[in-house]
Every structure is written in C-alpha cells, then in structure tokens.
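Please find one structure pasted underneath; my questions will follow.
The first chain written gets the first letter, and so on, giving A, B, C and D; residue counts start at 1 in each chain.
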Amino acid sequence: MIFGSDNMVGASARVLEALVEANAGAEASYGADKWTREAEKLLAETFEHELAAFFVATGTAANSLALSALTRPWSAVLCHRHAHIIADESSAPEFFTGGARLIQVTGAEGKITAETLRWMFERFPDDAPHNIRPSAVSLSQASECGLVYTPEEIAAVSEVAHAHGAALHMDGARFANAVARLGCAPAELSWKNGVDVLCLGASKNGALAAEAVIFFDRAQAADFANRRKRGGHLVAKGRMFGAQFVGWLRDGHWLELARSANRAADELSAGLARCPGVRLAWPTEANEVFVIMPTELAAKLRATGAVFYAWNRDALPEHETLASGEILARLVTSFRTSARDVADFLEMAAALNARH
Amino acid sequence: MIFGSDNMVGASARVLEALVEANAGAEASYGADKWTREAEKLLAETFEHELAAFFVATGTAANSLALSALTRPWSAVLCHRHAHIIADESSAPEFFTGGARLIQVTGAEGKITAETLRWMFERFPDDAPHNIRPSAVSLSQASECGLVYTPEEIAAVSEVAHAHGAALHMDGARFANAVARLGCAPAELSWKNGVDVLCLGASKNGALAAEAVIFFDRAQAADFANRRKRGGHLVAKGRMFGAQFVGWLRDGHWLELARSANRAADELSAGLARCPGVRLAWPTEANEVFVIMPTELAAKLRATGAVFYAWNRDALPEHETLASGEILARLVTSFRTSARDVADFLEMAAALNARH
Amino acid sequence: MIFGSDNMVGASARVLEALVEANAGAEASYGADKWTREAEKLLAETFEHELAAFFVATGTAANSLALSALTRPWSAVLCHRHAHIIADESSAPEFFTGGARLIQVTGAEGKITAETLRWMFERFPDDAPHNIRPSAVSLSQASECGLVYTPEEIAAVSEVAHAHGAALHMDGARFANAVARLGCAPAELSWKNGVDVLCLGASKNGALAAEAVIFFDRAQAADFANRRKRGGHLVAKGRMFGAQFVGWLRDGHWLELARSANRAADELSAGLARCPGVRLAWPTEANEVFVIMPTELAAKLRATGAVFYAWNRDALPEHETLASGEILARLVTSFRTSARDVADFLEMAAALNARH
Amino acid sequence: MIFGSDNMVGASARVLEALVEANAGAEASYGADKWTREAEKLLAETFEHELAAFFVATGTAANSLALSALTRPWSAVLCHRHAHIIADESSAPEFFTGGARLIQVTGAEGKITAETLRWMFERFPDDAPHNIRPSAVSLSQASECGLVYTPEEIAAVSEVAHAHGAALHMDGARFANAVARLGCAPAELSWKNGVDVLCLGASKNGALAAEAVIFFDRAQAADFANRRKRGGHLVAKGRMFGAQFVGWLRDGHWLELARSANRAADELSAGLARCPGVRLAWPTEANEVFVIMPTELAAKLRATGAVFYAWNRDALPEHETLASGEILARLVTSFRTSARDVADFLEMAAALNARH
C-alpha cells in the first residue's frame, strides 16, 4: 500500500520494452539517434504543432533550464508559493537563470488566478535597473494540491502574463493526469491557450527518468542546446530518453497510465471521505488525495506498512484548520496502484477506526 | 564497422538485465533505494576503501560537480590542453564552479607529467586577490590520446599537486579500460596514489547512462548532495543508476567489458600498423586507436559504411606532421566490437589499399 | 527644498577636505595606504571591538558581498519584504551569492519581529537537499519606513537567528541616523546584540561614495578579499575610501551629520502633522518622514520646485488606507537640510492649504 | 622616486577641482546629474561619434561588465596570455559573464597579431554544443608590455575578429598614453578601426577612480544598465564619476597628463639604456619602462627608497634570457613624475654602478 509518491515505482512494461528494444544496435550519440527523432515526431503529433523538444533526466533540470530560456538574471518569475520550483527544487532555478528571482503568488488549492496575477503585475515596482521585472509566469499542471487548470483558466492566466510581457511556463510533472482528467486535447492545455514552454514529465507517470522541455515557438529555443550541455544534461546515449518517450507516447499509452492513476485516486478519495474522522482537504482531480485525518489513525495505518506522508499545513484553505491530533496527509496513486491496493487500504482504515 | 565512439552502442546485456530486474517493486526515491545502497557497497569493495559515491547521468555533470567541490570561484584547475573537461564539455566546469578557471597544461600523448606540473606551480603568480590560484589538478584516465597513467605517474602528479595545496581529480570516463590494461587494483589507480575524487564512467563501457562521483574522503563530499540537487542531477528513481552500477560491477563484469574493448583495439591497432600508408600516431593502450592515414583511404572506408572520425591534428607529437593528403583518425572500439568487426575492417582497408 | 533622497547632495565639507588632503603624495595601492589603515583603526575604536573592514563604493555591493560571505548558493536569507536588498538592488544578492534566495518577512513599519522570525524558522521546510535553508537574517537600520531597531529588538532577533543557525546581517545604510536617534553606543546596535556583519553606509550621510562591510568575527571574512576583487570592487587608489571614512568618523563628525538630518526630519514631521489634510503614516525616527497627503497638495508643492516622491502604498499599516485623492509620500532630509529649508516647505504647504 | 605603478598617486589638480566644484548643490542621483551628462557629451565629442557610456570605479568592473555584454556563458574571449583581464583581475570575467572562458593568445611584447588570431580562429574546434566559441577578442591598449597598437594593427585584428563573428573589446587602461604617443585621433584607435567596446581608463592617468565603458553601437549596450546595477556598480552620487571625467577630458587635460607621463618614461628609458649592465627588454612606447638589470643594482636602488617591481620573466622575448643575478624590472611613470624624479633616479643608478 504505497501512496508515498508516484516516483516510488519503476517504469511501465511498455516503456521498459521500448528501452530494451532500443538497446540493440548502433546509434549516433547525443540525441541524433532514430529513437529521439521518433519521440520528437510523436510529440509534434500529440500536440498538433511543430515544436522543439529537449529531453533531460529530471524535472528540476527541465524546469530550471526552461526558465533560464525565458528570463534574464535580473528577471522575476511569478509562481504559486507552493510550486515545486520554489518549494522543492533547491535553488536550481536561480542557478540556471543566473540569479532570476522567484516571486510567490498566493492562491487557493495551489492555483494561481488571473485576477491575482493582474493585481501583482499592476503593483509590481517598475524602476529599472533598481527593480527586477517579471519575464515569466509558471503554472504547475496539476497544481501541488492536485487540482487541474482548465483551458479557460490557462487562457486567462496567459493573457495577463503576455499582456505584461511575460512568457508562460508550465511545470507539467503531472500534465498527463490533467489531460486524462479533463479529457481535452494536449494542445488545449498548452499552446492553444498560451503556454510558451511546457515541461512534460514522464517520470512520475510510467517512465524511468524522462522529461521533455517543449518549446512551441522554436525561436525561444535558439540557445537551449547550449544551456542543456552546459548544465551537464546532454546524455551521450540519447536513445535512452528517445525510447522512453516513444514507448510512453505510442498509442496513447501515457494517457492510459494517467487514467489508471487518476481512477485509483478517485476511489481512494471517495473511500476516505466516507471514513469517520477523515475529511478531504479539497477535491481530488489528479492522482493526489489530500485528507485531514487523526494523527493516531495515520500512525496505525503506517504501522501496518502503508506509506504516505504528512503535508505542509500552510496549504490548507483559510476556513480549514487542523484540530490538535489531526494531520494533513497526502496520498499519491501511480499507474501501478490497483483497485485491490485501494480497497485493502480503505478496509484497513475502516477496521482501525472501528477498533478506535 | 562502428568505430566512431564507445557511446554509440547500448548497454551490456547484464547491465540491461539489472535495469529490468530493478524495475519491479516499490523503492524509496532520490537514492534511498536498495539498488543504490548495493551499488555503493560494491564500489567500496571494488576500491577497498570507504567512500562517498554520487550517481549522475553524464560525464560532464560528474566532472563539473566534482570540480565544484574542489574549487572556489577564484580557483584554477590545471588540466591537459586536450582534456575532455576543457575541450568537449562546453563551459560546464565554469558554470558549476561559479567561475573557476581551467588552465591548459601541455604534454605528449594527452598526458600531464609531474615535471611540467611542478614547473607550472612554481611559476604561477601568487598575488592574491589579483591572481587566481590552482586548487585542483585534473587527469583523464585514459588520456584523450588513449594512453594510460601508471600508478607511479599518478603518484608523482598527486605529490606535486598536494605539495602545492591542490587536490587531484580524475576524469575516469575510461578508467575501466586503464584498469584492464594495467591489470592493477582500482585502488592503485586512485586513492592509494593520491586521487582525491574519481569520476568513474560506466556509460562508455557498458552502461546506458551512469557515472559515479567518488570521494575517498567523505569530508570533501560534505555539500555534494546540495550541489547535485541544485544542478538538477538528483533523479527521482535512483534505482536507475543503482541498478546499472550493480549490474556493471558485479562479478567484475565491468572489467570483462573493458578487456574486450581493449582487445579489439589491440587487434585493430596491430592490423592498421601493418597497413601500407598507414601509421600509428602513438601506441594504443586503451580502446582508442589513433592513426595517420591517406585522406583518400579514409574516404573510401567511410564509403563502405565504416564509421570513424578525423581527430584534432594539434594532438600530434612535435616530430610528427601530416603530409598533404593525410589525416589523423581516431577509431574507438567498444565492449561490443567483435574480432569479426575488426577483421572485416582490416580486410576492407587492405583491399582498398591494393586497388589503390 | 530637496526632500527626494539623502543621496542628492554631495559630501560634507570635512569629508571633502579629507579627500583633498589624501590626494597628495604617493601611497601604496589597493588598500595598503595609510588612510585605509587609519579608517580601520577609527572603526575599531568607534565599535570598541576588533574587526575586519572592507570598503566599497555602493550599498548594493556592500550588502551583496556581505551576504555572499554568510550563505551558500542553496541558502536562504530572511529579510523584510520591503528591505532595500530585495526591493531596490536588482538581483545583486542572487548574483553575488551564486543563487541564494531572499525570503520575504512581513512586519509593521518595515521591521521584523523576533516572534515572526521564530514562527518562520519553525515552519521552514527542512528536507535537504530539496529545500533550501536560511543561513542569514538581514535587518535594515533604519528600516525602509524610517524606524529604528532598539538594542533589545536586535538582541531578540539575533537570538532567534543564531538559535536556528543563521547569521545576522545589518544593512546600515542609515545606521548613523539610528545611533544618533537612540543615543546609544554603536556597539550596542551591532556586535553586542548579535549583529555578525554590518554594512555601514556613509554615502547617504556625508560621504561621496563610501560603504564599509564590517565583520566583527574576522574568521567570517576569510575570503572576503577574493570576493571583493572578483566583484570588481577593489579600487586601485584605496585612499579614496580611507580618506572619506577618516573624515567622516573623526571627532564624531558622522553623528553630527546624522543628528542634523534627524533634527530636520523631526521638524518637518511635526510641522506636517499639524498641516490640515496631512497625517503621518507612522512615527518619524530617523531622517525620513512618511505622510499621507492630498494628491493635489503634493502636486502644488512640486510645482513650486519641492522635490519628494510618492511611496509604495503596500507599506501602509492594515488599519490605514489611502482615500482617493490621497498619496503616501516620503520626504527625506539630509545633513545639509537647514531649518530654513524645512520652514520654507511648511510655510508653502500651509499657504497652499489655505488657498485650497 | 616612485615607479611602482601609476595608481600610487592621487588625482590631478584639475580633476580634483572638478570633484570639489561638483560637490556643491543638489543633483539627481544614479547618473541623472548634469555632470554625468556633460561627461557623456565630452566623450562623444572626443571620439567624434555618438556612444553609450557607463561609468564605474574600477578597471576590473569595466572590463568584466563590458565582456559580459559581448559574450554568452558558453562563449570564449581571446586575449593575450599576459592581458590584465586574465592575469590580474581574479576570475571577475568569468563571474560577470556567467562562465565564459578566456583563451590565451601568445605574441611578442604583449601584443596580439592578426595572423596569430586568424590561425587560432581557423583551428578553433566548432562542434556545438560541446565546444565553446569565441564571441570576443580583447586588446590591451597599451599592452601589458607598454607597447601600443597602431590604427593599422587594430584594423587588422578587428577585421579577423569580425570575420569570425567576434566583437572587439579594448582594455584602455592606458588608452590615453597610446593616443598621446601616436598623436592620432581617439576615433582612429577605436571605432574607426573596429573597436566595438572601449574601456577607457582615467584612474591610472589623473583621476581618483573613474573608468568609462564606451559602446560605439548603442544596441550592444541595451541591458548594460541592468548589468552595472546587478554588479553593485551603479553609484548613488553619479556626479562623482561625471565630475572626474569632465575635469579629465576638458581642454584635452587627459592628453596633457598622458604626454607628461610618456615624456618621463622616455627619459627614464633612454637613461637606463645608457646605464652599464642595464638593457631594455623592449622599446618604451607608453609610460612603462621594462629593463633587465643586475639584481644587486635593483636591491641597492630600492635601499635608497626607490619603488619599482620585478616583472614576470615569461614576458621576455625568446631571444632574451635572464642571466643569473639579473631581473626583469618594470618602472612606471605617472603624470606626476617630474624630470627631477627621473634625473635623481638615473644619477643614483649611475652612482651605484660606479661604486659597484
């Protein structure tokens, strides 16, 4: 019963098969191989748009390199105060951008609204060279609270960003889960509604280690190859990334994986909502379930071997507070989480509650 | 007949098997998994010494991160003028060190001698804060000319470096080939003779993408975890590196692979030396063969599908010059290069020469 | 009637005389001159403590270099959200620290309280290497709202900072005004109450361009000479800074200047408080007066040649809001502001109000 | 008898007068003052060209900031192996450029020839993103050996640089001495012959601390204001630099100062050449005299209070070597060096020789 994170499992069978298949034979190195070309082709088809894609091994590298292409060292990046780039990626963004500054935006459920953003842009001091200026806005899809941005919300945010000369970056570590949830085209959640650069994460959803930095305007990617190499992120055997993405994207496999993880999250969420003494912190829209539960119940569940973590209480909405003896917990499902895993966990919770 | 580079093939069967095996089951992320622990254990056994090891996906990342731990932004790093870190890794070393400077050292066959190094240290201006000071020396094992440093040579270089307050870094992209050639213990080619930090490369010799930054003095690794994360080089599914290294190191597999590549290089080298109009630029000691050959012959060989590249003529020894119509060529063998591949290539060369 | 800023006037007569006197004769360069030595001696006497002092031309350089000595690239610096280092110095702090992050602390009247700081330290995520950690707290003396930190307040803040392993940096751009206001020893406002590094500004209070980065623990200054040189802040003719500080510190001249500026601010503040339609945003403690006044009155005053600027309304306390037709204005006095200047301005304001 | 450096004296009387004159009255800060505007106007007249000028306090800041505007972090800068930027400015160039690399060019008498440069550009590896590429060439006027580049030499170098997509930067720490020596227009030694950015140094030739970064193409200066501020080099009281440059440039004062220093160097050079046992290392063209003299004579001269330093023997031409008991010495004259100073020193040398 592993709900600690979606990065605690390996790769999906099909992604692994692609890796194994790609292992044979000689290929040009540094991304000039046929697997990388095929992956780029599949991405262009998936997004219905020409694009420039660059593969790296981690989300931190993808996000930081992408932001470095959208900023100057004296720029600011506006992102939610709980965004992964500001909360969990050390100072990688500052490192790769040469010192651009991340500015926190507040918002319910880990999401930024166009209104808040407009307010911030309009109040942002603008006395160069003393003040820095925002050159990018970053959204996390799904948000760090596991909620998704709709095409309309993305359009509204990008309109404000672009109106103020800022580009829109999307940290798509769970982009697949959002597409699966909303059932709309990947294009709708990206370029069609103003996303300039998308960091499409595969690692959390079926790949071993594969992230794609996707520029929908090739011009913005002009020196990205230099940035990636300088960061030590250009792997010699490029097939490694190419093959993972081919296996992941082919025949919509990536969305099957995401749907499966989302389904498990829905069942877990519904079940826990019915559990006495447990309440949802906010709705479940992707593959992360956030609940407020008795500390004692959490401890007992862990004692049975269940894995999940307490979450930053600062994420709670204003109307919601933890009573003493309560914790905010995050449970994450993955493409491997089975209905059985969820049922077992819920039964265990019910049993422990009963005995309680 | 692929002699372009040892990074044009995939992983060895056993490394791939380990990857597949490790793919199953849940593991803690970010390197806290059992495969990473096992790999660390195997490294300590292999080097007969306690050590701190950090895994990353590329040699550029390994070298640059390692150098960042041995320098201050106002330090210098002495390396051979053809060293990979100065010639082929963009400005990654400057990026990760915050601006430390690479200083070129000359030397025959891509190697640095203790004498040259002593001469340089003694002449190095020392008027701080105006002048920068060397805090590290970097050796490439094998050298960019494919020659190996003996334990004695390493000891002599490290003695000079340490006497002047500089640490010794080793770019071990082909460390395995050197160990296989010299038949001595890995410890003899590293800590026992003064290597402080070794970047042990597996990618060129049987892995898919796996490099280990090895500190023989844990104290020097104090903040390396921060450096790796900040560089975006901490992968979520750490098992990916752990498994590759386990498969690579277990039962001396890594040395079998290196011996196989070296053997192919020996045969290729001997055969080409017998080829009319072709001469070796210098001896073959690892898995790289450097020959001077007629441009026309090179062109004809390539026309048959053989892959190999011209090399920087600056690497030639002083007594050696290219006649017009000649090129310096590098042919690299890999663990996958068969006796058949070599024989075919040599026959082809002989035939083309005959027709010539 | 210049109340735009205290950097719109030149140097005081005595500082200028020292500069002129120091101009004669030959001196060793790069700070090895007798004027620099004398300035260091005077600083040690002024602060009743041995110290390491480094002179630079700007407050931005002083603050950024000082913070770079107290942080690692993966550190955070806690400072008030209106602190000069975060609001007005571009991304210089990130540049010099190699990417450390400034974290905003809220607080009334531009001041940080020990309570808020403790709350933040206790909630600060601590999962290295994913999270960054605060290694420094920065106070502005006087605050950006022109209020001063008492010795007790500084002691309380430093206690919290030190308890959490963070050093205390003080941006002392108006340190002199605070000392003059509180009438306590410079030592009381610095090392005796936990300030580790003080950036003592002379430029705003009588010098032409001279700031001192003062380390009360020499050990923390170990590589500062390298940092200053690397930043291009080591001037050849060190006497330039030495002489300014000698002229500024000798016979308590610096405090006379500050007292004069504070006195003018007090008169201006009292006068404006009596002015119909005008109210103080908060008390005046240094040489800056913040008032809420009718936009129309401000316009008329400017039309007469008076110079002062509107200020960021975000600085207003919660209970205070601007009515439409009102602005928050900042008026700064300098050592050169005469009683006459203040009287003229107040008369003008009264007259314009009457006519109103 | 101070021949240690031209930065061991203060400012010229007229520069100091300008500083004193500018000290009175209120001025807008951060370079919006009338003195800065006047200095910019004088520079445009002096160079007969529209330009964008930025003032900073040190040559290291000027050079590093200028190079940062001409490079990307993955660029290289070609400069003479003895250039001040590579030999005496710590790693400031790497710091400000974000890691661009300085590549050493060899050449007699501290000068780069177009031929050597062409040879280097043609051999420069060009396999992006693995290899870095030169985006700038830097010349020192006068060279670190005190020789000057003629308009023809500058034109030849700039032609090669531009032909290979590199800009031409000139470190003009002693530009004034070169203009005075050659008697040609400043324009001839800069934009008319291909100099893109000139760092015009006044500090070594009569100013207290004032350097101008001059862009002859304003477009290249687009973000320089941000770079200067971020580096902490934007002083609040801009008049400080403006006044120095006004006093320095007005009525050709800067060239009078340079001619005076050059004249003293000529006399010193001629006198030393006649001195038994002393020989010139190379001709004297600016205000620096390089001689090979008996170590004993040097010691005796110093014992009398004369100040001058031994110089890096690596600078010696191939045909020239130091005998044991000989040193290479550098003697620098300044605008303040009188005929009397020179005569006294020569008499002393003669006397010591005689007694010898």
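Assume a residue touches a chain if its C-beta (ideal position, glycine included) is under 8 Å from a C-beta of that chain, and two chains touch if they have at least 3 such contacts.
This one's a predicted model, so the numbers in the text were calculated from it and none came from an experiment.
Asks: Just grab the chain with the largest centre-to-centre distance to chain A, centres being mean Cα coordinates.
Replies: Centre of mass proxy via C-alpha means gives D as farthest from chain A.
Asks: Quick check on chain C against chain D: do more than half of the interface residue numbers occur in both copies, making it same, or fewer, making it different?
Replies: Both copies, chain C as well as chain D, present the same residues to each other, with over half of the numbers appearing on both sides.
Asks: For chain B versus chain D, what separation do you get between their C-alpha means, in angstrom?
Replies: 42
Asks: What is the distance, in whole Å, between the centres of chain C and chain D, each centre taken as the mean of its C-alpha atoms?
Replies: 35
Asks: Just give me the whole-number Å value for how far the CA centre of chain A lies from that of chain D.
Replies: The mean C-alpha positions of chain A and chain D differ by 52 Å.
Asks: Of all the residues in chain D, which ones touch at least 2 other chains?
Replies: 73-74, 89-91, 95, 98-99, 129-130, 226, 229-230, 234
Asks: Going by the contact rule set out above, which residues of chain C touch chain B in the complex?
Replies: 72-74, 98-99, 128-130, 223, 225-226, 228-230, 234
Asks: Using the touch rule from the top, collect the residues of chain D that touch chain B in their complex.
Replies: 73-74, 87-91, 94-95, 98-102, 104, 123, 125, 127, 129-132, 312, 314
Asks: Touching chain C in the complex: which residues of chain D?
Replies: Per the stated touch rule, the residues are 2, 4-5, 7-11, 16, 19-20, 22-29, 56-62, 64-65, 89-92, 95-96, 203-204, 208-209, 226, 229-237, 239-240, 307.
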